[in-house]
């Protein structure tokens, strides 16, 4: 093979207590598609951000075209011909599509005249290339998630980069859009562009990648040509053990219906006509592709975006939920998806985080009792095996998995009847993940109705008693957890078959 | 159309005010007083352009009033010493840039909150000036007034210069990359860093720029009368911020444009003389100004709320 | 201030002089209270605010400090003497008389004040209005506008006043930045001579307008003498040479002044105009 | 052992501790340079008890406003209108007493009610319309002052309050200036509210992350309303003691106080972004400013140059900048240090 156009040696990077990268080496040659694979939180996005200069590595060397790059910034990376599509779109919601695209295409010359017509045409062309039907003059704010993703892709294509990084570009795209995109990638490869491609969809990797590097817990566990590896061995590399026995088995028999939704909807969040029941002691999994509306549904149940149609009943009684406070009073708990923004308050101590949802019960008369709180926190730290240097440690000093446990503890403290978990193990390392699974099982056994949203298919399949699959803001199928297989879930999620009922 | 809702509604409010004046008190429309009114507002327009930039970049500068006074007095003293006008002019701008750069360094370099930084520099500069001058006026040589032009010529010069600056800046914000950088940084500093913009440099520049404009405005002010009062510019920051906000620039950054600022500024500037013409007692003025500001932000709030639900 | 310094030098006393840059009663109180604890022997105050300052002054008297007021009086029980150069009547009447003289006793005029809340200006204005009612039935006060002690704002306000009231014959500014501000507005409006400007102010700030005929008269109690007299009286008061009930007091080179009750009379406010303004430099 | 040492170091490096140290140094300097003997052999100047009481008396109103602002800023908000509100409530109080012939007590209760209403107006606009507090209170800053001027036509001053009321502002009670007791009570109440109740906890949480707090089932709207209404009430209390101290109620009462109050709060270590801060820090901030201002006025050089007012203003501004810089200094130092460390191994590798 030819000389690598990009070479990383022994890159390390930590965020506070989290060691995201523990010495990763990686290389990319011109005209190849190098896939990067790993579980959630393995460090893929962090590695990408090191390459684009968004993060400064703690140690390690970066070489581009054989030259060592000392201090890489997004601007200098841009000059070196590195472009990236980030996992979270880095777009400006107040600016138009054409403008967003132009901002990264035009060299950052300060006093340059902007040719709006040219920009418009250029945006039009690029969007056509990825097959997106988007008005270049629309404000990005008004676009849907997949549309924003397409804009990101168009933006990266336009730079004419020699090194193109794509971090889960297809996560929210439909099948045809994905095929179109893969075509574009092949095109670029023949033009000699080096592409780093991240995806959780293994079939895509086999379709287009030349080599694949697997990351696990911030370390590289091997680079292999795709031709010499199969799906099973890839998964084994990712997870570090056989996949089979990691989910604790279900032991309980579901009891009475706790919560029941009838035709629930909320126009502003795009959820409509959702109906299902969840029983005490049951884990109800919610599957679907990103953007299917699962989080939105949870937010309706929790009163953040109150429902404007349909009915929620709890233990047979119809209830209205207008705010999170009311939801909490009804015994509904929600462990949100975005841990760092919603789940825990990073600057506050673990103990304070844990008691936040139970202020009125725990502190009668609103008086804080620090001793009681600390003892309380200690019990949860012990019960959930949270690794922290004490109840006073700020939430931000913990690793993702432990933060998740703190968020969980907060809601367990409310003694809820219904527990909604949104991506409970996203970005959580393997050890903590199975601990969280055990905790969830135990809670269900204690008689909670658990709704578990997850994009991790094995997790859904392994944990759920029943699985609801969502697509386009509504439930398209409810499957039995014991009989469901990846194929049937994906089929429902992609909308290929309708109304499979358990 | 929807995109410019705010600008248009301010313009309509201004239109209504002007219409009411045309019907009720046509005496409002006399060329000379109107020209004088615009001339008096010329420095404010210039500073408002800078303030709009700073606020679009999601910062704020409440020290402009003090900067304005410092520039005025320093330039006045130099002029009184007999320095040639162009040099006085440049040094006024230079002092402004200097003060703006200090603010900018503290905000962008040290990442300190701009509202507190500029609060501190506002107090320090103002009190320093008071200490140095003890309220004494600076008397200027006659050559300074109207930059040596005739009065009407000078007035036209100041008005056209300030409006021209506003127009140029409004187009620059739309047509120059630099303008778009400001919007991008104000919308999302992290995202703009990822697209290769240097947010800190942009922030610093907006502060230095507003300083320069303040220096320019100070010159435009001292050209209007033969004396400089060290107290001048007191309360100017609130006036300018109010105009910018009424004109539809979002205090949370990234949104708004200079046309709206222009309309907002004219609206607020017209209120006081309009009340004089309507023979409303002066003690209502502050309450009415406050009411206009609140009305503007409330309609905005109601509108965004409606959009959300 | 100049006069006060001169007197202090002659008498060999130490003089503290302080005043808030902006007119503010609360600040003045703090200054007086500060002086009390500094242990001064006598305090001479130009009251920013009658009731407000009186509290502090009574406290001073209790602490054995001799108190007199000048320029603007406090409540009578809060001080021993008031150096009365110009009572509010004096100022108000003089201003009104002067305005009437300039307008030939008829026509519209407007007032520019510092802030609507400034107490001494309120007092003057009350007297202006009283005089207006009594003596000048053909004159009309059309508006009172505040300028926040800012010359620039006074200029804007004067411009608006002139265009809103086309028959305006005179602008009376009762705060010192207001006079040059109004004058500049009149000059720019090209109404020099048509709209008369008068007001309270300092000669140096107004010379060029008086010379060019924009401003007609600037009225001021002779501050130099006022300060001189105040310091003399205060010193004598502290030394016990001046007691309540005295009928006269001598103040160095200025000679003897009459005492009317507890008012030490300096005489009428001084009117500067084209003829005499160059003789003063302050 | 190890953690103990760590704890000590933390306390020593705490903003409040440093500020306390600054305050003590400041005080001692003024005591030394600002005290003297006058001709009659009486100690005068900064070092007298009277002086200290004056400082206390003069700081009460701004101190109250600063206390009211502390919870507001802890939630990440700001209230520019409290100075104007002080003026408005002073007028309402004076007018009700003078013109409506209410008793002092009733008038005070009504004034506090108006303060609460005004705070409620701020809160409603901020929470229901989601308008930034800075903008809302910029509007009400003009509005409240304007109303005060409109009610009085700018010129009416309410005076001749009964001596029993003036006692509150001008006399001593149990050895301290009477209004200081009110200040102390409010200070203790605020301290307890912020540091010892779940309310204070949620203010901080809102300051750190309003969304996160909402997701914890806490009603952010209610907490914010509480904070702004309390600020309004405390502003009204400040208006009452202001009136009692000066013996008059006038529309310009409290002009510019909001800036002093904000300065004191920020100087006291409360982050303008919310979440971080303390009531005792605010009290130290108020004290530091008051001592600086009064102390400078006792220094002979300053007196001779007649610039105590300006100089203290300038130094307060400078102190504020210094406090801000000191808060980021450790961060800058540590990133600088870590950058150096991270560069070293990299270079050796290349070599």
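Every chain is named by a letter (A, B, C and D) in the order it is written, and numbering of its residues begins at 1.
As a convention for this text, contacts are C-beta pairs under 8 Å (C-beta built on N, C-alpha and C of every residue); 3 or more make two chains touch, one makes a residue touch a chain.
Just so it is clear, the model here is predicted, and its values are computed rather than measured.
Centroid distances built from C-alpha atoms place A farthest away from chain B.
Annotation: 45 Å between the Cα-based centres of chain A and chain B.
Our note on geometry: chain A versus chain C, Cα centroid distance of 74 Å, whole angstroms. Averaging C-alpha coordinates per chain places the centre of chain B 29 Å away from that of chain D.
Residue numbers of chain D whose C-beta contacts span two or more other chains: 149, 152-155, 306, 309-310. In chain A, there is no position where the chain touches two or more neighbouring chains simultaneously.
Multi-chain contact residues of chain B, defined as those touching 2 or more other chains: 130, 134, 282-283. Across the assembly, chains come into contact as A-B, A-D, B-C, B-D, C-D. On the side of chain A, the complex with chain B involves touching residues 52, 54, 73-75, 77-78, 84, 86, 90-95, 99, 102-104, 106, 108-114, 116, 139, 268. Against chain C, in their complex, chain B makes its touches with residues 25, 27-28, 30, 32-33, 36-37, 40, 130, 134-135, 137, 139, 151, 155, 221, 224-227, 229, 231-232, 234-235, 272-273, 276-277, 279, 282-283. For chain C in complex with chain D, the residues that touch the partner chain are 16-18, 20-21, 24-27, 29-31, 33-34, 36-39, 49, 51-52, 54-55, 59, 63, 115-117, 119, 122, 125, 146. Considering their complex, residues 38, 40, 42, 44-46, 48, 50-51, 54, 58, 149, 152-155, 157, 159-160, 166, 170, 242, 245-248, 250-252, 255, 294, 297-298, 303, 306, 308-310 of chain D touch chain C. Within the complex formed with chain A, the residues of chain B that make contact are 3, 174-178, 180-181, 183-184, 187-188, 190-198, 254-255, 308-309.
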